[in-house]
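Next come two complexes, and both contain subunit A; in the first it sits with subunit B, in the second with subunit C.
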Partner chain A sequence: MILDWETFLTFVPLLVQGAVTTIELTVLVTIFGFLIALPVALARNSESRAARAFARSFIFFFRGAPILAVLFLLYYGLPQIPGIKDSFLWHLIARPMPIAVLALSLNSAGFLAEIFALALRNVAVGDIEAARAFGFSRVQTFLRFALPGAARLCMRPYGNELVFVLKGTAAVNFITITDLIGAANQIYFNTFDPITPLLVAGAIYLVFALLIVTTVRYMERKLSPWLFLKAALKEAKA
Partner chain B sequence: MDWSLFLPGATGWGDELAAGLWLTLRLGLASVLIGTGLGLLAALGELSRSRILSHGLAAYNVVMRSVPELLVILLLYYGLAFLIMALLRPFGIDSFIEVSPFWAGTLALSLIHAAYASEVFRGAFQAIPKGQVEAGLAFGMSRFLVFRRIKWPVAFRLSLGALANLLMTTFKNTPLVSAIGLQDLIRAAGDAGQNTKLYFQFFIASLIIYLAIAALMQIFQMRAETSLYAHLRRGPSA
Partner chain C sequence: MPGLKHLAFAAALLAATSLQALAQEKIKVATEASFPPFSKTEADGSYSGFEIDLGNEVCKRAGLDCEWVKQDFDGMIAALLARKYNMVFSSMSIKPEREKVADFSIPYYAGKFVFYGKKGAFKDFAQDIKGKRVGVYAGATQDQYVRKYHAGELEPVGYENADQIHADLVNGRIDLAFGEQMPANEFLASPAGADFEVAGPVIDNPEVLGRGVGAMFAKGDPLKAKVDEAIRAIYADGTFDKIEQKWVPGADIRADKLWQ
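Here is the complex of A and B:
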């Protein structure tokens, strides 16, 4: 009952559509996850007790909760809040896609905030002091010294988290969105062969993940070339 | 809010939720135990002298860490039955075979857990100071005794923190098994929500339970670390 390739080819458009949805979700969640995580990371390192407490509970909540639980709570639970259906915001998000992006971004932000906060704390104190001594304002110091310094430190864990974002998008299958896995499932229902479509989908996920990892490695190399000096010299000699 | 909804009995959903929680706990625990064991074996295989074994296992880790958990669960659930049926057909057995969703789910989560755990163990084994192992061998210990008395205790201590994080990750993956029809906690909450139209309350309740599990694990991790690292603690000893 393994699918022959001719039949399989007729389903390629469906798979492509699913793959596009998966990419779309991954990109959107990467962007929104970053935008949510950065202020939380700053709050996590802030001098204000209240801000720190908020950031800690945010991180605990979204790191500890399964993605599906958050997704279901927003998808099924939000419409129950009295008055929400009359609000402007509701018309903006009351579809599966925005809800999915919101839930996945919050989940990712929980992990990212901790990564960013740790990296920001570990930027060399001397760099910051030197910048301040040279008369850079606090904002300038942050943008020109702390942020790039932290970016260097958190590239590796950030790359891992992006792979988790890619894998996490699979949860949208539970709220009627057809992504790569959904497409594979539909091919299964039409052909009674579950193995071929799922294996093909798995191979596509693998390619996406490798792309993410390679891109992050490349950026790491660009951001801190001196770390790769030894390897480059070896290569040049050989 | 009507709290009697959470009581057991014909009108409340307490017993359904409890049964779902019990399934989640059994599934998570079985996956973690099997997965950690497999991960340890895989790490030893990766560190072995056989190049085929170590490269094969490394490739397995990359694939398992790049593909969504949901895909692995579906592939094993559908695929195992297909595989068994295909293997039996040459023997004239043409019956329909169904794989238990619980064990398919457990196997899927274990295999994923093993991929991450083997990376943790491999790192830990590589971090053991060589001198300790050489000293053991010089004292005439057998390879097995060196493993049991020196390598394993040190490696376990080094990997404990990462293993505890993996434990949490695998528990957070358990809701995905509701895709293959298992009545876990999130599914029970969903059923209760559907019947009462009170999704919000039931999903919040399930979230609180998941977060409580996460919090308990963190406390357990901290306890275990303080007792295992007792010799590294600074300060006056009793």
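Here is the complex of A and C:
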């Protein structure tokens, strides 16, 4: 049974609300995932054995554990800790949204840390040695040479990971948050038409993914303009 | 030759079972299996409950070979329409918008609905529920009831099943739950539900909450006639009362007053 547009229009507000939730989650998880992943990546490359072991276990656990398991564990497990309901933490975990952001960020950080660590290891040794020889401090060298160098190397896989973050947000349905796919499902269950709402939701996801890919590409162009030199020259000629 | 004897025996057995299979129509029946006392999943994975016993009795009398299929409530009608099973036997309230897309049997039980929350917290029901969060099945009858009659004062939070609603009620993420009386009583009688009680009046509202619970079929499915007949027979000879007594002792959930 395919929905007529008139019936479908009555569900548009629900769909918009869901889409906004999906964007919110994607943005928050992108930010927190990055903030968690960077120190783990540094620990992964550290000279300290303990730091490396910690980073390895973090990546092993959060990259390997299914998102749903982590989500359920935090959502239903955390309130079981004695005394937590009387502490200030309860305000954070009483609602599903902070838990969703935490669980998805940890999952994303598991993948990101590995990507970042690899990129940092592969920054050209010559660049670093030259910077040190010119008298830049270790911190300066890291911030002005190693980080931008690593960013250039990991832009593509980073873009991939962001698209995964976007799609991974669908899991939050299971802890009572109505995101884009949740809204589409509710329309499906109320109208018994799976095709229209899921196609529309799918199209919206595609647009979001396109936005991410375009942004990442733009950043890549900014960071490594020489990779796009040929295209730029052609454009200039034309 | 003992081998031949065995072979003949096996062949006879095979013939007998396939004959029996021929005589009985094989169908799949959907249950939520997490809505006690109506249906629940046992530790060994088998299903039990009022609806499981009643459903098995219906199948026996209608000459059906039924296989139970577990399905979350929110996708239940959609999956029926997609022909994932032949019949829904899972506390599905009979409502006009559902009758547009599928056929219902005559109602086989009729329950009422209750709100329940922390003991003593809802003494003045109309006042005390203001601004509270109430757990319901997402998009289900109870969800619509809350949105219609308590718009602006109660915030409905949608769940996939009753276990999740009760877990969050105990955890304090929601202040109230709204659902069928029998499953509510089952929860309130359990150790987890000790701190909670029924709040406000018992609700019986055919307009939003439906005219009892019926088995659901794809439009025009001849199964409906067989199942209707079986339900009438089960009511007529007292079998219904026996099953009712076993699972919801002391309650009256007979639906025959709703039959036209």
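As a working rule, the second predicted complex is superposed on the first by the 233 of 238 C-alpha atoms of A that agree within 3 Å, B and C clash if a C-alpha of one lies under 4 Å from a C-alpha of the other, contacts with A are read in each partner's own complex, and residues count from 1 in each chain.
Operating definition for what follows: contacts are C-beta pairs under 8 Å (C-beta built on N, C-alpha and C of every residue); 3 or more make two chains touch, one makes a residue touch a chain.
Just so you know, these numbers come straight off a predicted model, no measurement behind them.
Colleague: For A:194, using the defined touch cut-off, is the partner it touches subunit B, subunit C, both, or neither? Pick first, second, both or neither.
Modeller: Both subunit B and subunit C are touched by A:194.
Colleague: Based on the superposed arrangement, let me know which partner A:5 touches: subunit B (first), subunit C (second), both, or neither?
Modeller: neither
Colleague: Applying the document's definition of touch, where does A:70 land relative to subunit B and subunit C: first, second, both, or neither?
Modeller: In the superposition, A:70 touches subunit B alone.
Colleague: After the superposition on A, what does A:178 contact: first (subunit B), second (subunit C), both or neither?
Modeller: In the superposition, A:178 touches subunit C alone.
Colleague: Figure out whether A:134 sits in contact with subunit B (first) or subunit C (second), or with both, or with neither.
Modeller: neither
Colleague: On the A-aligned overlay, A:88 touches which partner chain: subunit B = first, subunit C = second, or both, or neither?
Modeller: The answer is neither, since A:88 touches no partner chain.
Colleague: Identify the partner contact of A:226: answer first if only subunit B is touched, second if only subunit C is, both if each is, neither if none is.
Modeller: A:226: touches no partner chain.
Colleague: Which partner, subunit B or subunit C, touches the larger number of subunit A residues?
Modeller: Tallying touched residues of subunit A, the top partner is B.
Colleague: Who does A:186 touch here: subunit B (first), subunit C (second), both, or neither?
Modeller: A:186 sits against subunit C, while subunit B stays out of touch.
Colleague: For A:163 in the superposed arrangement: first (subunit B), second (subunit C), both or neither?
Modeller: First partner only.
Colleague: Residue by residue on subunit A, keep only those touching subunit B in one complex and subunit C in the other, then list them.
Modeller: 1, 76, 174, 185, 188, 194
Colleague: In the complex of these two chains, what residues of subunit B are touching subunit A?
Modeller: So the residues of subunit B in touch with subunit A come to 62-63, 65-71, 74-75, 78-79, 82, 168, 171-176, 178-179, 186, 189-190, 193, 197-200, 203-204, 206-207, 210-211, 214-215.
Colleague: Sort out for me which residues of subunit C touch subunit A in the complex.
Modeller: 74-75, 77-78, 81-82, 101, 138-139, 157-160, 164, 167-168, 171-173
Colleague: Applying the document's contact rule, which stretches of subunit A touch subunit B when the two form their complex?
Modeller: Residues of subunit A touching subunit B: 1, 60-61, 63-70, 72-73, 76-78, 80-81, 163, 166-171, 173-174, 181, 184-185, 188, 194-195, 198-199, 201-202, 205-206, 208-210.
Colleague: Write out the stretch or stretches of subunit A touching subunit C in their complex.
Modeller: 1, 76, 79, 85, 94-96, 174, 176, 178, 185-186, 188-190, 192, 194
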